[in-house]
Amino acid sequence: MTKLTHLDDKGQARMVDVSAKDVTTRLATAKGRITMNAETLAMISEGRAKKGDVLAAARIAGIMAAKKAHELIPLCHPLLIAGVSVDFTPDTKASAIDVEATVKVEGKTGVEMEALTAVSVACLTIYDMCKSADRAMRIGDIRLVEKSGGKSGHYTGD
Amino acid sequence: MTKLTHLDDKGQARMVDVSAKDVTTRLATAKGRITMNAETLAMISEGRAKKGDVLAAARIAGIMAAKKAHELIPLCHPLLIAGVSVDFTPDTKASAIDVEATVKVEGKTGVEMEALTAVSVACLTIYDMCKSADRAMRIGDIRLVEKSGGKSGHYTGD
Amino acid sequence: MTKLTHLDDKGQARMVDVSAKDVTTRLATAKGRITMNAETLAMISEGRAKKGDVLAAARIAGIMAAKKAHELIPLCHPLLIAGVSVDFTPDTKASAIDVEATVKVEGKTGVEMEALTAVSVACLTIYDMCKSADRAMRIGDIRLVEKSGGKSGHYTGD
Amino acid sequence: MTKLTHLDDKGQARMVDVSAKDVTTRLATAKGRITMNAETLAMISEGRAKKGDVLAAARIAGIMAAKKAHELIPLCHPLLIAGVSVDFTPDTKASAIDVEATVKVEGKTGVEMEALTAVSVACLTIYDMCKSADRAMRIGDIRLVEKSGGKSGHYTGD
Amino acid sequence: MTKLTHLDDKGQARMVDVSAKDVTTRLATAKGRITMNAETLAMISEGRAKKGDVLAAARIAGIMAAKKAHELIPLCHPLLIAGVSVDFTPDTKASAIDVEATVKVEGKTGVEMEALTAVSVACLTIYDMCKSADRAMRIGDIRLVEKSGGKSGHYTGD
Amino acid sequence: MTKLTHLDDKGQARMVDVSAKDVTTRLATAKGRITMNAETLAMISEGRAKKGDVLAAARIAGIMAAKKAHELIPLCHPLLIAGVSVDFTPDTKASAIDVEATVKVEGKTGVEMEALTAVSVACLTIYDMCKSADRAMRIGDIRLVEKSGGKSGHYTGD
């Protein structure tokens, strides 16, 4: 039967011992989106400077958050992240911005949490910077879309 | 016309000066949910010890993250958070756990970002603790549902 | 009956809401000690430069840790600490160093945890700096010795 | 003669250069205890939910603190901690809770400080969560009980 | 005679007690500059996107660093920063970028250190982002240019 | 043509992927200086205890800041720093203190930013501790003076 490895036999939290695992090159990509009203999306997208700064700030925040995943998530292992990119794709039809983060590492554990954290904090930063105009923005669809490296093999989600 | 207050006249990021704002009691409640397969939800919900630890860890992580919102979100003001609660409601029908966080403060700025950050990190922690069993979990519907205090008045979302 | 205020009616952790509490001047003093073999104590105490740096480093570490108490202790409120001092008294007879930290604040909650954290981290720093010479050092007797300000009144311990 | 390796020839603090040391699997176990009055111990031990949350919070806090040891202790090297567990054993006779933390790493330096920090912060968290009922709790007997890996060989304390 | 208030009568470091000081609106402005070769300055200044991202990243880094001043500088008090702005002025003649940061607070201590830290970290970020092209960049002239609020009155430097 | 590797083809910030780079022993030395009036320099230099604590605090702050470089500088990679030293040389003629930091690592990226950050924060700490006596101190000449290890070879500056 499937087990939650973050809990020991008594169901108590622990940081799983990974010392015996191999160091391999690992990659994870996560996605998410923040939905907003059309006027807010236009404010972000139109006007070079403004777009620059809202999304530039969100990108920086997402990258920095990837480095902090192990400080935020109690049982997440610290890692020497080797690379992070955060990309934004405005979707006018859906009145949303799609956020995608990819994290690479050479290490003993995967970087799903780092990628998911980067997406989450990038979305929170967009919310923060636009909330004076639109309190009803909604963050969603945060999920893992690809993971490679490590014993569990290649994973792809939608 | 509506403006993004986090950008100055040249569209550059700044932390808005709130020194002249009144100190009032402010509250914000945010919600979100993490969807998973039925077996994962059962593993979390059944068995006292396990539920205790997965959700207890996520609750602690959410509360601690509320205190870190201003470190994660570039233009978010530091605040002396006066109280935080994080609650979980399993929804068997939707195969999901609903997460709700309420933050209170006496201060010059609202606590939306703190509440939204608490919800986000609580969801990420559940993902982390269950990912060995279910990589396809999805975090969504993160939004502000209530905000009171401050000049902008009472806000309620759905 | 006495209750643990950090747990709600269901026994779940929360950060207690202190928004309605008065802002008063609060002070807390904590003490602790680290016991070591006589040679280690002599190495710290004799020789001006060395003593300077072991205890100077431990003092700085203790002061900085007081500012981090709310990051380390999940339900501890952030505070604008107004003053911290950390003092050391070598006790040759007991082959130990006594550590005392006093923290002051004007705020809504007490600073016991800040003072206890300062003492703990100052002791850990002494351990770290001397462990190459003495692995059997022991940290103990960490307790609150005085607390004033706030509704619960003046407390003194031994 | 024994030297304090954290001080250079002039007695000034430095972070010792470990770049030439071997990467080996290293383990450290530390213990400590927090003494309290009988009623406080009963409140923690009796009642499933409450015990769950006090000790679950302290366990999470201890694990997270192990990851922060190098931020708290000035000359402590950062490490990629591979595993952490924190365990509690109530001792009704002594009216105390014994705390034990074990940390593993594959690295160039030992993990004593990480284990000692985990124990210290777990004890501080128990103090914080119970202090409204019992201000006279006392934290003590924090010491290294086992260390393996690295050039200095296997160490066991009592 | 002038005294260093961060040292007590025995010359030991302490965080000065400011609990009795008045809460006033305080402002500090600091400046600095980073000198580089002409080609590097051109790379930053020419090309909209690149300039946007180098200076946008440095601005965000400076703002976030202002919030961390009390974590970096041992005896610096934590503060609820009310506003931060960071501005850049390229100086083609001097082949340099001038950096200016202004911080505001309503509090018991000044915000010089926050402004100086913002300038320093903004310069370090520019160095980091351009170092693959120019290792000989030089950061200098970091100083306080204005300070108001508080008992010590209005200060202006050059 | 030279490129800024921290920007992708669209000029957007990213943390450069270093997973394919070799692990080598790398060293970086940075220097800087803080200029002050003669009386301030005398206060720091004369009197054993005082000098001890101002420079001891600045040394500790610089060492701890080296460990935080990747948290402060958005695109800086986390590293397992293997050693840090920070040295001060008073220069009575120039009425200044020269600061030098050397950082070592075995890793995939260099440690320039760690050394430059250590120098910057050591200078800021001296400023903070002496600012009650001398607000016009000035921090400057922060630059890389040596770098070895890695593909780019040995670099020396003046």
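Order as written gives the chain letters A, B, C, D, E and F; numbering starts at 1 within each chain.
Everything that follows uses one rule, which is that a contact is a pair of C-beta atoms (placed from the backbone, for glycine too) under 8 Å apart; a residue touches a chain by one contact, two chains touch by 3 or more.
These are the chains along with the protein names UniProt gives them: A, B, C, D, E, F = Cyclic pyranopterin monophosphate synthase MoaC.
Everything numeric in this text was worked out from a predicted model, so none of it was measured.
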Reference interface E-F: repeating pair among B-E, C-D or B-D with over half of contacts shared
C-D
Residue numbers at the subunit D-subunit F interface: does the shared fraction exceed half, giving same, or fall under half, giving different?
different
Comparing A-B with C-F, the one with more C-beta contacts is A-B
Chain centre separation in whole Å, for subunit C relative to subunit B (CA means):
31
From the mean C-alpha coordinate of subunit A to that of subunit C, what's the distance rounded to whole Å?
37
Residue numbers of subunit F (touch at least two other chains)
12-13, 48-49, 52-53, 56-57, 60-61, 64, 68, 71, 74-75, 78-80
Chains as vertices, touching pairs as edges: which of line, ring, star, complete or other describes this one?
other
Which chain pairs touch, all of them
A-B, A-D, A-E, A-F, B-C, B-D, B-E, C-D, C-E, C-F, D-F, E-F
Across the complex, what residues on subunit A touch subunit B?
2-7, 10-13, 32, 39, 43, 47-50, 52-54, 56-57, 60-61, 64-65, 68-69, 71-76, 112-113, 116-117, 120-121, 123-125, 127-133, 135-144, 147, 155, 157
Give every residue of subunit E touching subunit A within the complex, in rising order.
48-49, 52-53, 56-57, 60-61, 64
Spell out the part of subunit F that touches subunit D in their complex, as residue ranges.
25, 56, 59-60, 63-64, 66-68, 78-87, 104-106
Hey, which residues of subunit D end up touching subunit F in the complex?
8, 12-19, 70-71, 74-75, 77-80, 107-108
